[in-house]
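You will see two complexes here that share chain A, one where it goes with chain B and one where it goes with chain C.
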Partner chain A sequence: MNSMDSTKGKIGLKELVAIIILNVGTKVADNTPTIFYEAFGTAAWIGILIIGLISLIPILLITKLITLYQDKNLIDIILHLFGKHIGFVLLFTLCILQIFTNINNTSIYTDIIGTMYFSKTPTVVIYLLLLGVAAYGAKKGIEYIGSSAWVMLFWICLSLLVILSVVFVQGEFNQIFPILGTGGLELVKGSYQNSSILMDFLYLALIASNVKSATIYKKGIWIGFVIILLAFVLSLIGYVMLFDYYGVRMFDYPYHETIRYIEIGFLNNVELLFFPFWLISSFIRFAFYLYLGALLFGAVFKIKQFEYVVPALAVFTILAGLIPESSVFSMNDFRVIFLNLITPIFLLFPCLLWITAKLKGDFKNE
Partner chain B sequence: MEDLTTLKNKAIDSNLEDTIEILKKFYSVPLNQDIVIRNFSISGLDKKATVIYINSITDSEKIEEHIIRPLLTNNSTEKKLENISPAQLLNTHENFSNILQDINNGNTALLIDGEPKAYIFSSSKFQGRSVEKPLNEVVVNGPKEAFNENVIDNISLLRKKIRNENLIFESITISKNSNNVLYIVYMKDLADEKLLQNIKDRINSLDINSIQNLSLLEQYIEDKVKSIFPTILSTERPDRATSFLEDGYIVLLMDNSPDSLVLPATFWSFFHNSEDHYLRFIFGNFIRLLRLLALLITLFISALYIAITNYHVEMVPTDLLLAISATREVVPFPTIIEILMMEIAFELIREGGLRVPNPIGPTIGIVGALILGQAAVEANIVSPLVVIIVALSGLCSFAIGDMKLNFSVRLSRFLFIASAAIFGFYGMTAVLTIGIFYLVSFYSFGVPYLAPMTPKYISSKDTFFRKILKTEQYRPGYLKPKDIVKKKESQ
Partner chain C sequence: MNNIKRGSLMLFFIFLIPLLSGCWDQTSIEERAYVVAIGLDKSKSDNENQIQISYIIANPEFSKKEAMTTEPPMETITFDANDINVARNKANTVVAKEISFNLLSVIIVSEELAKDKNFIRWMYDATKEREIKRDTPLIVVKEESTKFFKQNQPKLESRIHKYYDLILKYASKAGMIPNSHSNLGRYYRITQADASLFLGIYGTSEKSEYKRSEEEDNFMAGQIEIGGESNKVQFMGSAVFKEGQMIGTLTGEETRAAVLINEGLNMGSIIATYKDPFDDRYRVTTRILQKEDIKIKMDLKSPLPTIDVSIPLYIDILSQHSMVDYVNDSEKRERLKQSIEEEVTNTYNKLIKKTQEEFKGEPFGWSLIARKEFLTIKEFEDFDWMETYPEIDVNLTVKVNIGNFGNQSKVPELEEMRD
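Moving on, here comes the complex of A and B:
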């Protein structure tokens, strides 16, 4: 009878996997593929596999830590390992990074909606609606973000599957050659630089204590990881098959060009059949991002009911995200630089945590 | 003269004349026509006696045959009263308030001179209709009895289906003046105590003079009064109420209510229909699929039309687009006005058709549909396509059997129409996402609205589609029933 009360506010395996897929998986449908094609050429799909391989280490270390400290999330672990002061600095850095990522991503998504679908609508309005819905979800809390993600997951995956199967039928298989793209060494170098694409797996540890158990968390992470890599590989092959190497590099948003390009039966323009599903996953994704931002902010500034930070954070994100419009550099370029910059953090931070835990002797209790 | 309210709590006098006088005052005799006070003397005992009852809610013949005549023809001097009269002696009361309540419930009070108490005999007979066919929840297959306004009949209908001593009908008086009685029905060996206590607490916290029926009670105890979605299910089918009881739900019954309330309710309990399970697996799921389709069409089709014609014209194949624009050419209004006019007209016809006196009911529909639609098109006020779309959305809304969900869907449809007019697909998706966020965080008596879809519970997974009957082994886990397994897998 107590089982329900103790799981109140917690998410199960289904919800966790749904969150992971929507939050990381949505990246196949923004400008991430373009970054890959620029770095790896036709070998983009091998690139993501190498990134996956590189990321294995940090993800493995984090899940190890989570299973070690049952019922603790990344914030608790950082505070536990580094104490108040260094912990504060680390959390503050994470918080800034997370909020920056969010500003960067939301402004890119606003740009996608603005340039691809609603070219006459003012950016502010698009931005407001995007973050308004996301903030509504974020304020509800993680269990409802998870539930919503799960409710829609099937339909979103179905829409991606339909697109992929059409792409594989209509595309040219030969266009995936040369299979190694920019070449062996470049591949490894580029993969290393861009591995922060999976940085979300570090952030996911922030909600570890909201998952029913550490075992479920571990399971969810790996299921999500495999599905995401699969989605990335298939989409990255698909886009190249459809547009060829040169073509696909010209686009900022290959997914949206794809759904514009493909035809299904008598329907020549099908992009709007798929647009809503992409939108829903974006809404849920940013709801999760805002939630994480508020969670970190709350941890840094000791705000217990951090959900109340969400609206302010959303407004700040909109204001900050709108600035670059008039500025010389675009958010897309910024994202590439940013990704390269934070890669060492993603790769080294978990190692640092793990080593500290080891030195502290916490693993002995296992 | 003493105040009547203070008198009410007093014990009756052993002097018969005085007591009768006071009772007369209470009932404003002779102003009240249907109060019967009959004086006679009990032969044998040789005592003066009086019976008092309300003849419009009692069985007069029974009183005559079983109460008065035996007393008049009694010869024995020693027999006790309960042995003289064959009528069922319910109780003896000493103070006025209890006597009055029993008389108001259709029972008969017998007062005997020299005895400071009243004997209450059962004699109630309220007028009402008999058990009839369900009017709102029609099924082709399956039982065709419905609840009526007489709670005893309703209880009997439930007892007929569950012959088990664990089926409890707990009665609570929920209003002060009218003394309305509510029956809380549950299976003692299944229903969760906490849930039961939660419901009882909510009911006991009410301090109201009168609650006539369940439809009114519902609004006092539901979770979110201002929500567009209902949290308590009403059903007029005893078979449906029974299957809920057997799953560990709690059912409320009341006099004057031709239905029952089932709580807690999830989205699925509104979406389902008893026929889904009476039909074979494939057929049952086929009608579920149809209902889902109807739900989606009702919600989205008008909004889609607006979004596509205003924002996403390129979606439509060229030939169809030309056809649409040809019909729209002569219409002076923007699409949103067109759609709203027709949607509102449809809602009006529907409401009007419902309230119109029976004999002209069918005509209103024909007049509404034919004249309005046809004439509107000919007058170039709306385009024919809009008529098709609105008619489709209206017709599909009838496939959602539950009246409350029906309202929710019809109202949310307008939200989608508005969002589509402002923002096209972007707005519609935004509203849909907010709707999902809202629904997953919505609770009915502590049960998540979309359970067991999310969050997960052990259950028979009866959501959009149902499983094969044999494999529906579990009661819904979100109710925390005392016994989760309802059938063992048969080999």
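Moving on, here comes the complex of A and C:
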């Protein structure tokens, strides 16, 4: 019985990897690529590699801390290192950021579904359905999210692979030139500004204690990291091969334009073949986001059974997400600014944690 | 316990059913009118901002195999409107169904409108409409599109959506029209990049003066004399677009040559005829295969930029009326090779001259290859490919490899036979 208790509510390596891939990986299918093409032109794929390189340091530091404090998650570590008061402020900031990100992303995804697929359905209804399903998943807990992510992972990856292989056959490879895109200095600058694309790796530390062990956590993070970079690089090259950098900059959602453009043999309208997979990965993604939001909220306001916050949080997200008049512009613009704003937090916060741990002398126990 | 579980699962699935209807976006097939072709013409009214739009609406009943109807296969409506999108609602004043572009096969534009400087504005309306896909082929017709639709009565394939699919597929296989990939997406992409020229499909139902030329395919659509009782519509050649506006045409042969040296456009095997070096009266029919990629070398950094193109062609001989024994005589084969090489080089030099002097831009997609020579987008934009191309020195070499000589490689010696 005891051994069962210790693994209850915990996820293993495959669930963790699935969560990482579905949460960060789905970004290749929303408006993130457009941000990349704006900043890097044809060199968007180099941009994500530089971002990966920049993010290595914070991710490395975080995993170091997680392996140091076994069985503790980011919340415990923050409270341990900074004490009650400063810890509260930090967690509160993280919580606000997470909720903002969620509002921003859900509203963009609602817009995708509304403009690209269900143009006559009112936004409220799409929003309600999207978050309704996500909230149901989030309420069930991390185990549930993990296993549904794992079940769907194969199919979602398969659909992406099929799309990419068709794109690579139909596209023109020469369109990825000029190879350096907007140029060397711009590349580095843009990569720095947008490196918070991988901010999720910081938030993933929040569920570290839900993973079976710190070693599994570490392994999962790096496997997920590599797969995500690979997916990003291939898709970013693929979109440019199909539409050229100038055209792809004009799109709001390149992935959806791609699945509408490609032809597979005799099949017309293949987007309907891929849309469901995208939809499911979005459900899982927002379930996880809502779960994280509730987890942080619970930590800030000392709510033990934080799962009960999920429905309220979902309703708040819908209400806040519906405020902007035209979500394509306001939310996409907001996202660009927001990404630039939170970049220093993503890069510096792990350093701050690590230095504090070092100063406290916690590393000596190793 | 198990029963309760099963029951609740059942309930759950029942509640899922309403979701399948797709909420507000559900429409039943019978209530939709499927537009398979959109025609765009200049408006006859004085209002410059309006265009004349025609819809060809297919009759889905007609495709049913078991219950043939007496209804016609399609319906055409024409009216003036501000753009493609608003036209949808206007169409509902006569069509009793919801207009849908889901099965749109082609967009047909009259040459007159395509040459208008405002043409690009109407083309970009199509990007706003969700149901118009970027893989829709763009066809330019010589006459008004309404007239084209009226004349277009395919005899063997009366299901109109199938007709467009098939004729574009096979005409492009023959290399007569640029390619079925000369679609809206390509139009936007090339126009936006502002470096190359876009080739649209050219067609007509109007017969112009027949041109009888010794070359097989040096025609535009409408110039080929085709007897019998076939459809009047012909697709041949291409419409050249610069910066989104049509500026000229290429004949069938020129189109084929352009497609051959464009890396982005793949073609199947095409049949062409060349002069027989041993007898001026006859031409040799050949099947051209592109087994190897063409090689293009660019030197753009020097003050006098040059492009070296080498084109490897694999040629099968299909007929030879001179009855010369090419199979056993390697010297004669060599001469045939040289003669074809010369002829092809000539065609290309003429075509390149035409693009440099008349169009001042290239439709070969070479700008993409040129991009390899530059490191950053800014460098490439400063070079200004479109402006520089007319000044570039293009050197062309054609290398012909002769493959087989048809199923039966040998032909009898005429002299001996007639003896």
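Here, the second predicted complex is superposed on the first by the 359 of 366 C-alpha atoms of A that agree within 3 Å, B and C clash if a C-alpha of one lies under 4 Å from a C-alpha of the other, contacts with A are read in each partner's own complex, and residues count from 1 in each chain.
Heads up, the rule we're going with is that a contact is a pair of C-beta atoms (placed from the backbone, for glycine too) under 8 Å apart; a residue touches a chain by one contact, two chains touch by 3 or more.
The structure displayed is predicted, hence computed values, not measured ones.
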Review point. Do chain B and chain C fit side by side on chain A after the overlay, or clash?
Key: clash
Practice item. Tell me which partner A:172 touches in the superposition: chain B (first), chain C (second), both or neither. Key: second
Practice item. Mind working out whether A:263 is in touch with chain B, chain C, both or neither, as first, second, both or neither? Key: second
Check your understanding: Which of the two partners, first being chain B and second being chain C, lies in contact with A:42: first, second, both, or neither?
Key -> second
Exercise for review: Report for A:232: first if it touches chain B alone, second if chain C alone, otherwise both or neither.
Suggested key: neither
Check your understanding: Between chain B (first) and chain C (second), which does A:136 come into contact with in this model arrangement: first, second, both, or neither?
Key -> first
Practice item. Look at A:253 in the shared chain and tell me whether it touches chain B only, chain C only, both, or neither; answer first, second, both or neither. Key: neither
Practice item. Scan A:181 for contacts with chain B and chain C and give back first, second, both or neither. Key: second
Practice item. Considering only the touch criterion stated at the top, classify A:150 as touching first (chain B), second (chain C), both, or neither. Key: first
Exercise for review: Determine, under the contact definition given at the top, whether A:354 touches first (chain B), second (chain C), both, or neither.
Suggested key: neither
**Study point:** chain C collision site on chain B, chosen from 222-230, 258-266, 276-284 or 438-446, when both complexes are overlaid on chain A
**Key:** 222-230
Review point. Which residues of chain A are in contact with chain B in one complex and with chain C in the other?
Key: 117-118, 121, 129, 268-269
Practice item. Please name which positions on chain B make contact with chain A in the complex. Key: 192, 194, 308, 311-312, 314-315, 317, 423-430, 432-434, 436-437, 440-441, 448, 450, 453-456, 478, 480
Review point. Which positions of chain A touch chain B when the two form their complex?
Key: 1, 4, 7, 11-12, 14-15, 113, 117-118, 121, 126, 129, 132-133, 136-137, 140-141, 143-148, 150-152, 266-270, 272-273, 275-276, 279-280, 283-284, 287
Point to revise | Interfacial residue positions of chain A with respect to chain C in the complex | key: 41-42, 115-122, 125, 129, 172, 174-175, 177-184, 243-247, 250, 257, 260-261, 263, 268-269
Revision key, fill the gap. Per the touch rule above, chain C residues touching chain A in the complex are 19, 22-25, 102-103, 130, 133-135, 185, 188-189, 192-193, 263-264, 365, 368-369, 371-372, 374-380
